[in-house]
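Take a look at this one; I'll ask things after.
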Amino acid sequence: MGWIEQSLMARQGVAGGKEGARHSITIEDQGQFHYVYGPYVDPVITVAPGAVVTVETHDAFEGKITSETDKPTEILTFPFLNPQTGPIAVEGAEKGDCLAVYIRSIKPRGPQPVGTTCLLPEFGGLVGTGQTALLNAPLPEKVKKLKVDENGVYWSDRITLPYEPFIGTIGTSPEIEAISSLQPDYYGGNMDLPDVGPGSIIYLPVNTRGALLYLGDCHAVQGDGELCGVALEMPATVEIQIDLIKGHTIGWPRLETADFVMTIGSARPMEDAARIAYRELVRWVATELGVGEDEAYLLLTMCGKVRVGNMVDPKYTLGASIAKKYLG
Amino acid sequence: MGWIEQSLMARQGVAGGKEGARHSITIEDQGQFHYVYGPYVDPVITVAPGAVVTVETHDAFEGKITSETDKPTEILTFPFLNPQTGPIAVEGAEKGDCLAVYIRSIKPRGPQPVGTTCLLPEFGGLVGTGQTALLNAPLPEKVKKLKVDENGVYWSDRITLPYEPFIGTIGTSPEIEAISSLQPDYYGGNMDLPDVGPGSIIYLPVNTRGALLYLGDCHAVQGDGELCGVALEMPATVEIQIDLIKGHTIGWPRLETADFVMTIGSARPMEDAARIAYRELVRWVATELGVGEDEAYLLLTMCGKVRVGNMVDPKYTLGASIAKKYLG
Amino acid sequence: MGWIEQSLMARQGVAGGKEGARHSITIEDQGQFHYVYGPYVDPVITVAPGAVVTVETHDAFEGKITSETDKPTEILTFPFLNPQTGPIAVEGAEKGDCLAVYIRSIKPRGPQPVGTTCLLPEFGGLVGTGQTALLNAPLPEKVKKLKVDENGVYWSDRITLPYEPFIGTIGTSPEIEAISSLQPDYYGGNMDLPDVGPGSIIYLPVNTRGALLYLGDCHAVQGDGELCGVALEMPATVEIQIDLIKGHTIGWPRLETADFVMTIGSARPMEDAARIAYRELVRWVATELGVGEDEAYLLLTMCGKVRVGNMVDPKYTLGASIAKKYLG
Amino acid sequence: MGWIEQSLMARQGVAGGKEGARHSITIEDQGQFHYVYGPYVDPVITVAPGAVVTVETHDAFEGKITSETDKPTEILTFPFLNPQTGPIAVEGAEKGDCLAVYIRSIKPRGPQPVGTTCLLPEFGGLVGTGQTALLNAPLPEKVKKLKVDENGVYWSDRITLPYEPFIGTIGTSPEIEAISSLQPDYYGGNMDLPDVGPGSIIYLPVNTRGALLYLGDCHAVQGDGELCGVALEMPATVEIQIDLIKGHTIGWPRLETADFVMTIGSARPMEDAARIAYRELVRWVATELGVGEDEAYLLLTMCGKVRVGNMVDPKYTLGASIAKKYLG
């Protein structure tokens, strides 16, 4: 029996972690993509807990960067970036519940070279930006297109990178806000966290009726921090299984794999993202072990792990985790 | 002849800085307040440039905290905080234009004690918060109600504070986002900057057709930083005069008084708010004086001033300014 | 009777705020300047509380930048920057005491143009630096020399800036550390806070026997934040009066003028400097008014002021202040 | 042939990565520990490149916390914390060189329970501190003593943590500063980075004649970030092999293992530590691969890894790394 049967999703979900009806959302079904996470649009489909949904996502540039000689600044129009598929409404979901999304697979979709990365002026972790606003001249734009398949990412003759796909942007709608899909926050969004890949379950707070799940921005591979601001972006076909945990209120996204549980914080400065993630984890561990927060705090000092998702988005994203073996 | 006639508003505004038609928005006209800055609602009125509008605003708690024995956490419901009057649509305003709002007067409105301040758990500049997420126990809640009139704010028998009112939250709608009225950003919003008071003109970027001006959250008096997160909140009657500068694109709010011009940045960490404000000012000064950015940078090193608006909101707000006399 | 007689220095100082013996330290007396604040050198003089000392300071570049065509990077040698006069040992000073330094006058010293400012690569508030380490190309170096007298700073034909001198760097020795004079911290140092000028008293924690007061880095004028990293640097003749408050332990520098009292914090990110300054002030005000910290916190929310000293040094410096009239 | 023979140390070191003379420093040899990293003391020994030195270190509390009922605040005296063994002078080392320290083994030393962790008031990643200065009440003090051997760390009946020892504090002397051993910076110091363990080589900039290597503060195990501010502290016996690379100037510490190379940055806010580490790595990778910085920047966006050392010290420490296989 696999770990999924022992997961929080399976133990507490309305569908008990079991597969329900199958659905799909193609690019054509979607029609108009969305550039904000909000409640002001109609769902593209409504599903019951347990639903397995095959979702086609576009790349973060909506496929507009087609060649290494393209100039992104001439092609892209802010704020119409990072197009999202959805929202998917989930029956029975209400504010205060928790949505569980088990990521079953992520496959590259479309003609080769399917992967795109680039340097954009005033965007990225090692340049002045709109927020870290400086007088230095920006770096020149640059586009790189890479062949990708499920065996690897072909950087150069010498270097093949692993195919380690994940969903860069996934989350639920805020209650009354509609926030750019470029931003991560308490509801998920543009977290750019490599752990959000096949074989993991992401748990998201439900803030409004139906939860309204959006996703997009798949990456074929990405280093910690998504250093230049753009990973290896690709259009993808994602298979997810959705479950719903009633009355399970979480403040920030959480993640579960076979081996560990993780809490995810997004904020600036970066230490605040770390504080959010670790405070959530302290409280989770204290509950799981039946000990005080001080004891959980000391234990995580010994064995907590931190993953830097992005250090480039409007908020930075970090995940804090603990191996399940310590939660016995 | 006063400085208004020489202001950017008068020199470049569609209405030439002159008064046009008079309008008013009472609490009853408003009906439902708004808790986000966004384009997904209908304007409460539409006005032409030059319009003088008398606007009734509610306090940041929508008047729900009526006594010093109230428990804010039992009364307030997140995210329905900081109610905004508006939006006011402005004829002819389009993305890329600049809205000029001359603040003519701010008067306290309602029964005494009209002013409210309080300590809210996990909110404020000197406590752990949702973002600076800590394990320390929060401070106890506390409410303080103060009598206010146009001569002063009556803190205690011994201490009378000046009546120095300003608009805590004012801004235009983002293009496609709808963002909590608790947040300040490039479009204005919850800046909590004491300079946004009677006798000043605030310039705001227009991001969407009609500009969609919101305002609320007037403060009778506030120190730099709005230290505990809540100033002296009061319902108010505000008189503003609106003008429109076509094709004048600004990235962040600006402010003009008889004596100085200011640029306003909002970000975390605080140095990024300062960087935004000062970079905008460097560029403005360079243009005004017809010198290079390096020369403007050096000049502001000698005579730039910084005002801390808030150090408590989701983004911190700082204004950077230079005396007009140096712009000759 | 002036405010000095009512100052903390006069009320609690060993010398009662009264002038004692006169001393002087010329450049020749000093001989070797110091580039760290530390206890590992001998004092240049030892004085009793009450001492009035005339101190010659060098400019932050030790006079090596003599012309607008100089290349600072070819002339300056890190870490031998920001030369300090001193240390001055104070008789009877011990760890846990407080040193009071009343600044009586600051006069420019040396041949005209006496004032120097410049752009240094990878240093300043609006460029990538060694800490905010970026890949952008640095701005070109640039030197500007300005004539200065006690009537003004002569920027250009059109612009005369006020002569508003202050001591950029002043502080006591740490107990066992020796820290670069480029850095501000709990013991003072390179705070670059314009309030540290004639007519103010700065209070500094004593960390080691004799206190070991260093000073240097006088500025003829400076805007808030010392934006490009270099104010108008000048060699100066400073007259200070030193007093000692026994058993008065402070965690961070404080400042008193005729009108206000201020606490000074230095840290990164900038909000931490603000938190330090305001927490110190909350506690000071609570003690002065005999109220709880929560009441002082609320009062400062209404009337606290913040001054940004530097936003360029290894730690940023902010001062938080309250008008004395509120302290009764 | 092992990776050591291919390491930078072996390829460029004066001793060619080969073992030289054997030395030892016992606690008795050391006598007085040091609490600053600086040039103002005599070396305890002087060694030639290649030297293998067995060093006894004390725990961060100098062994003063002996029982779980101890009150650290009554026992510890700031700034006499984190005692360091050394300094070790290295023959021929001069400013601009690079010291290579290969960590051969770390063994717990002393009576059981040898490991100590604790909660200290106003210190740690999830509480208000002296820098993130807040009004919240501190958490209660708490001490935990744990049995440790080379097979594990015995947390509870249920939980055994791995024995993953490393040197919490190691570095060279600054040129003229003497900085608290509680702080990490460009010369190393209190980095609290778990990668600095057996089987790795740490490279440190030489800032002064003889390099003056200090070390101490060994940890038996630690999670990412050293969350509460105190890892599992233990007295240890460390065996290191020292080499010297002449004329190899590095700005920040670097680390090499069999599998990856890492650059280490320390700063606040945390994103600045990440920027430092990644900028250093971009430049290193660009040099190794013979490509431009832009290409190295893009490659690290795909495959860079980040390790959070500490999020509690006066500066936060992060390491950025790349697998050696990509450097071919």
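Just so it is clear, A, B, C and D label the chains in written order, and each chain counts residues from 1 on its own.
The rule is simple: contacts are C-beta pairs under 8 Å (C-beta built on N, C-alpha and C of every residue); 3 or more make two chains touch, one makes a residue touch a chain.
To keep track of the chains, here are their UniProt names: A, B, C, D = Acetamidase/formamidase.
What you see is a predicted model, and the numbers here were worked out from it, not measured in a lab.
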So using the touch definition from the top, which pair is joined by more C-beta contacts, B-D or C-D? C-D
Reference interface A-D: repeating pair among B-C, A-C or A-B with over half of contacts shared: B-C
Could you tell me the distance, in whole angstrom, between the mean C-alpha positions of subunit C (Acetamidase/formamidase) and subunit D (Acetamidase/formamidase)? 34
Averaged over CA atoms, how far is the centre of subunit B (Acetamidase/formamidase) from the centre of subunit D (Acetamidase/formamidase)? Could you give it in whole Å? 48
Subunit A (Acetamidase/formamidase) touches at least 2 other chains through residues 126, 132-135, 139, 268-269, 275, 278-279, 282, 294, 297
Counting only contacts in the complex, subunit A (Acetamidase/formamidase) reaches subunit B (Acetamidase/formamidase) at residues 35-36, 38, 40, 79, 130-135, 174-180, 251, 265, 267-269, 272, 275-276, 278-280, 282, 293-294, 297
Contact footprint of subunit C (Acetamidase/formamidase) on subunit B (Acetamidase/formamidase) as seen in their complex: 117, 119, 124-126, 139-140, 142, 144, 153, 155, 158-159, 161, 221-232, 268-271, 274-275, 278-279, 282, 294, 297-306, 308, 311, 316, 320, 326, 328
Which residues of subunit D (Acetamidase/formamidase) touch subunit B (Acetamidase/formamidase) in the complex? 126-128, 132-139, 269
